[in-house]
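After this come two complexes, each holding chain A, first together with chain B and then together with chain C.
Right, the complex of A and B next:
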């Protein structure tokens, strides 16, 4: 029997529906751009030249200064590209990506060791002394933490004000390039959204699924747990933890994730309660299928859509939570983040618009992009709002 | 009274009209029926007359002339303000679903009075209240004084439909448009509502446009009838003539597809009648839980002490109105709902003592087909997966290829093409999905299939196909069917024996022909007399015509 062309599957149709909407396209394009910027940040904004040619020949200071985080991100990105265009079941490919990610992370930690002391001035001074025949620099030749100490006159500079040093978005009080800091801050913005929401999703789906399928006493206990967690104010908990355990991005992710799962659990529970009554689930039970098959093949995929919608809004709120914390001065100390840059803008005595407008705009656009995607996804999975497909049901007149 | 000329309705962005060139006229005091299957455009026509089409439609073309005191007006050219004077005042409308047509936060009286005061602003509060009570009495709601103060959730489906009729009639319209007013109701209530509409029409001298899919209803109350097919009016004339001598091919097809007119089923080879299923004193009681600790305070007796047996090749129909517990009975036999008491024996083995694993194995022999074709298939899986997954779970077929072969064979038996396998459920019509549902049951090669209202969501011609497929399968495979339905015509056509249920209890069980000819229980008699039958009404009409 020859394989016949299959009709597009449900998830493909939903993806098509989402991509029909211009809001979702814009949102996805912005997130894709941010992802690229985050992955290739050391190539885009770096004080260390990409390539130099001196008496010993060509070498790359950029490569020697890559951190384990940089190499892990680059590795994960290219692995994802390879797997995206390779055959195989999506789930299997996703699992192998996760496995590869762990491997790359471990290898990076062991093998990549940048010099402990970073001297940003060395290449600029060497170039000024004429030691290099040729230098290839990154588009923005300033690192995020390069405070330009070799220049005597650094400090606040408005965009494109100085003749010999080009700063597209100006510099902050320490003399660091704002655009460079923003580029490196995309990593925190993206990762806190994904990881915090990921943690919340895993807990929410498992607990909600158990509550919905088994109902009864499991449901009653689970719902009380949900109510307890809904009563915890995330921001105050974060403030407390930062005060006691110091500032850590991973702690932030964990706490945001641990306090925001209750919404997902409610969604999954409601979906499972509804799906259990559906005839196709009853039919699957009556056909004698096993419990894992009923739960994971027949119920979970049909209940995932509203959870994904909620998750895309959840990513946006996680980004906002981190920005809020950084704005309050409780974020990371030296690593750039958009909220922390806003905080700097407020603290200086004069109003330096470039320090507020650019990071603020980036936060706004990112949160807006996730909301656009969430809304498009919601419209696509909602059978009542499907426009222009086939004739609408007429009976709705009552 | 109402003359519709050349009415054409299209969707925006779509060339093919949904209703095309429809013309008919309704005389004063006449009951005019518009008949057609789903998607034929009969409801759209009614909505266009009232000018309450969805925004997705272009303004309809053609003319709708309504006669009134001030002469004749074309409703399609009237402005919105003028239409407000027509809707509810000169033309009343009732919808299909009585459960959602009333606003749950207002009392019945308030809702009717609102309509009245809009159209009769000269009435004061006392007069409006009197008129409302009067109209509630007119639709034969018991105790109108009390109903006036009640909220809709306290009323049953039939009572709500009476309230809807009262609301439509309160301003004494010249024309009543009833869009499938009895489809969602039980047959005994349907008979009462139809009688009520007919009586009110005679009393008030109004015209009625009744939209229905049921030729039985047409035969019972219709003066004239128009048949719609794919947006076009294919035939119209006196109801009696059209039913007795249909002129158009499509009308003939429709009438031939009624269960009472279908060709007889292939007989089952008479062999040893081995009993497959014995049900003894089956009970399902749902606890009513109250309070923080969810203690049961009372029980709803959904199924109470039901006993029957079923042998190979036999069709046992379970008949009852909504809420009679017939669906719960089917699910309790399958142990999809745990029975509270009683026993279910399959080939002598008690089902209720099986543990989870043994139950899964036993389910192979007892399969189920559901009512709603829209929700009975997993939308995320291809038909291939839907059909082969149960086979794999029960180790039927050596490998995947063999299972595909089996699936193809079963699809052939339910008259579906092989390329069905690689498609998803949303690509099929309701009738096709129902056949896939039957195929899913058949791949496990069961002895018994429980059919839970399998044809009630389908059009009559599709119902005829499904019934014939089931009849053929029964003869070929010696399949036993537990056929749960509320449709008497289907029962008479398909079943050998029937079980009548009311409020969870058995009223009567016996051979179908015997029960229908000589019903023992009062309730059965009541139920049977309420069924609208085409032949009976034609016979009566012909007899009275000769006199």
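Right, the complex of A and C next:
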């Protein structure tokens, strides 16, 4: 074998190959767009005007009605932007982002207190009375929970049907703007995907790592546990969890994470069983490193590739799981979510296509985007596809 | 082989026990959990009546006992060997064998065994119909994509299959019901259920006033279908495209006309043009199986339409046809996801074998490409498809939860949702047990099939 010239680092090459594929590029673009929409949701769809000039001068009802979640998201986003263009090691920057995130979250919880009672009609009525000299409204001047009570009969309007109120995607049965609800629901969809997969990854990596590293009796017991969690239909376990523990977003994330770790544990176990025989691991053991150091600093980075592939498919299935639960009427009660909107489309006696097509289309596009990214990652990671002769074997299960 | 099966069956027991423990712990650990109070709550009763009802439930199901004792009692009830009990729940002895009892459902007040034996066949019917459909289409698409690696069909199929895999079942079901079953668009299929009320009283097979009507109907449909199939095989490319153009345009016009909402000229023109375009495209296609399927289907429809118009009236659809008509949408909804997944899998399996040494040897000694593909490569590519069939069943069972909720089919999936929503302990545990058993049986069957297909694998 001849000496190869030094190639760019492995992770850089993977990244380059992923970005080369147009599918992954489109998928990433869609996720980026959703992230922007989720962060700037109060600026995009809000009944509270962005700026108002009345007898007291300029003021912004939008700012005073921001919730702690809104400010925390905005803060985290701008912190991420700043850190992205600042020097330093990626790990250090990521850690400082996490620290900043915790700080911003705590600060917004303490400092930001929007008024408890929200009267959405006041602005429209004040404007009709001519109290405002100038008003700057959001592009979609309806909040997610603004049921337009000041108008008579606004439920289930088809898109762009009424002359005086413009609803791009129509209204739902309560009279709320569908597009506005969808914009505010992007937060749930994105966060549930990331956090649930994160939880599942942590459990799966720790259990799978221990199983693969120790093998023997630990492996046998662990594999029984994995088998148990694989033999219960995940959806059924989820249903049981949610029905018995009540409905909350955080609980739902936790539960989806708790029920979907078994696949990751399998992958990590297989990787670690292979790695533990290799010289560098034996060397690490011989030099007396601690167990966490061997597992997570030496073995894990070398076994990360198949886990990453599984994780990006996992995000897609977590989003699907949330949508399914909401669709079956076990989701969040008042907060908008895409699955719950799809459920509303079934509940009404007539078929209103805009209630099904738009939220359902959003779920589809997001899941499709994650699957495209996962597919591209797998092709990039897989040594078979790089040789260019044989096919990439399909590894992920449905 | 026998010892292997026995060992696997014995190993199922701890797994099944673990599954029920997990689900029971979830129920018992929940706030409110399973108690007589949660069953009585919400009923508008006098305090005394409420107390009496609570006591009754406690006595009947032993709900006032600690959770481990409750679980122990449940295990004792379902196992064929164990303690015998009298009516008050006291243990009376240790007979060698007793009949396993899944208990009474809280909500229905009926034996769980009855409920499940009513619902399980319906869900199994859906799944049994879906699996062959999934395999046939997936293999056809996968093999074609693999033999044309890197060509237009391969890339297009890749994107379309990934897209199909990403469509949430809820969305597909809701759109299908909305567009194909509601009276606002095309009312081709029923909106839900498994049969019309009237069809339950009908004879099983279709019946007609005169004995010759049904054979004539069938003959006409068959004749038209075979004529179209022959045409699709024999005719040249431009001729097929022309026929596709005509058929598609006609179908598009007919569909546009059915919409009472869009009775405008623009709708008709749009429908016609879109239909004609799709028809011409499909007619031009070089894929024989697709052409035969499409033209055959169109011919059959035309044959039946003509027959129905010739001898109108006097035909009762019968139970079977009605059931099939109700099953079309649910089965399509249940199968497209697994189909996409399996087609991708069979593509990569075939592709891997096409470049294998034995395939090259076969080509080198002069075996035709068709024989290489179907007699050598395809047989070896079946192995991963068989392995996956084990994971297909659990995902189909999960899918039927959604499909049954959308199409209001009274199957196991719907029963499961109702059971967890009403906190019906016995029902939840039994459904867990049975779906776990089905899943594990699926794994075992797949492993056995693997040994039969691949002589290198032996379990002795």
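Just so it is clear, the second predicted complex is superposed on the first by the 355 of 398 C-alpha atoms of A that agree within 3 Å, B and C clash if a C-alpha of one lies under 4 Å from a C-alpha of the other, contacts with A are read in each partner's own complex, and residues count from 1 in each chain.
Please note the rule applied: a contact is a pair of C-beta atoms (placed from the backbone, for glycine too) under 8 Å apart; a residue touches a chain by one contact, two chains touch by 3 or more.
Given the structure is predicted, the values throughout are model-derived calculations rather than measurements.
Asks: Touching A:285, do we find chain B (first), chain C (second), both, or neither?
Replies: first
Asks: Could you tell me if A:272 is touching chain B, chain C, both of them or neither one (first, second, both, neither)?
Replies: neither
Asks: Taking the superposition as given, does A:123 touch the first partner, chain B, the second, chain C, both, or neither?
Replies: In the superposition, A:123 contacts neither chain B nor chain C.
Asks: Thinking of the overlay built on chain A, is A:213 touched by chain B (first), by chain C (second), by both, or by neither?
Replies: neither
Asks: Does chain A have more residues touched by chain B or by chain C?
Replies: C
Asks: Looking at A:10 after the superposition, I want to know if it touches chain B, chain C, both of them or none. Which is it: first, second, both, neither?
Replies: first
Asks: Per the contact definition in the header, classify A:147: touching chain B only (first), chain C only (second), both, or neither.
Replies: In the superposed model, A:147 contacts neither chain B nor chain C.
Asks: Contacts for A:169 in the overlay, against chain B (first) and chain C (second): which applies, first, second, both or neither?
Replies: neither
Asks: Which chain A residues are contacted by chain C in one complex and by chain B in the other?
Replies: 391-392, 394, 397-398
Asks: Spell out the part of chain A that touches chain C in their complex, as residue ranges.
Replies: 23, 224-225, 227-237, 239-241, 243-246, 316, 320, 323-324, 327-328, 330, 339, 342-343, 345-346, 350-351, 353, 356-357, 360-361, 363-364, 367-368, 371-372, 375, 389-394, 397-398
Asks: Under the stated contact criterion, what part of chain C meets chain A in this complex?
Replies: Chain C reaches chain A through residues 14-16, 18-19, 22-23, 26-27, 30-33, 146, 149, 159, 162-163, 165-171, 174-175, 177-179, 182, 184-185, 337-338, 341, 344-345, 347-349, 351-352, 355, 388, 391-392, 394-395, 397-398, 401-402, 405-406, 416-417, 420-421, 423, 428, 431-432, 435-436, 439-440.
Asks: Using the touch rule from the top, collect the residues of chain A that touch chain B in their complex.
Replies: Against chain B, the touching part of chain A is residues 1, 4-11, 220, 278-280, 282-290, 293, 297-298, 301-302, 388, 391-392, 394-398.
Asks: In the complex, go through chain B and note every residue touching chain A.
Replies: 11, 13-14, 18, 43-44, 47, 52, 54, 56, 95-97, 100-101, 179, 294, 331, 334, 336, 359-364, 366-368, 370-372, 375-382, 389-390, 393-394, 401, 404, 419, 421-424, 427, 437, 440, 444
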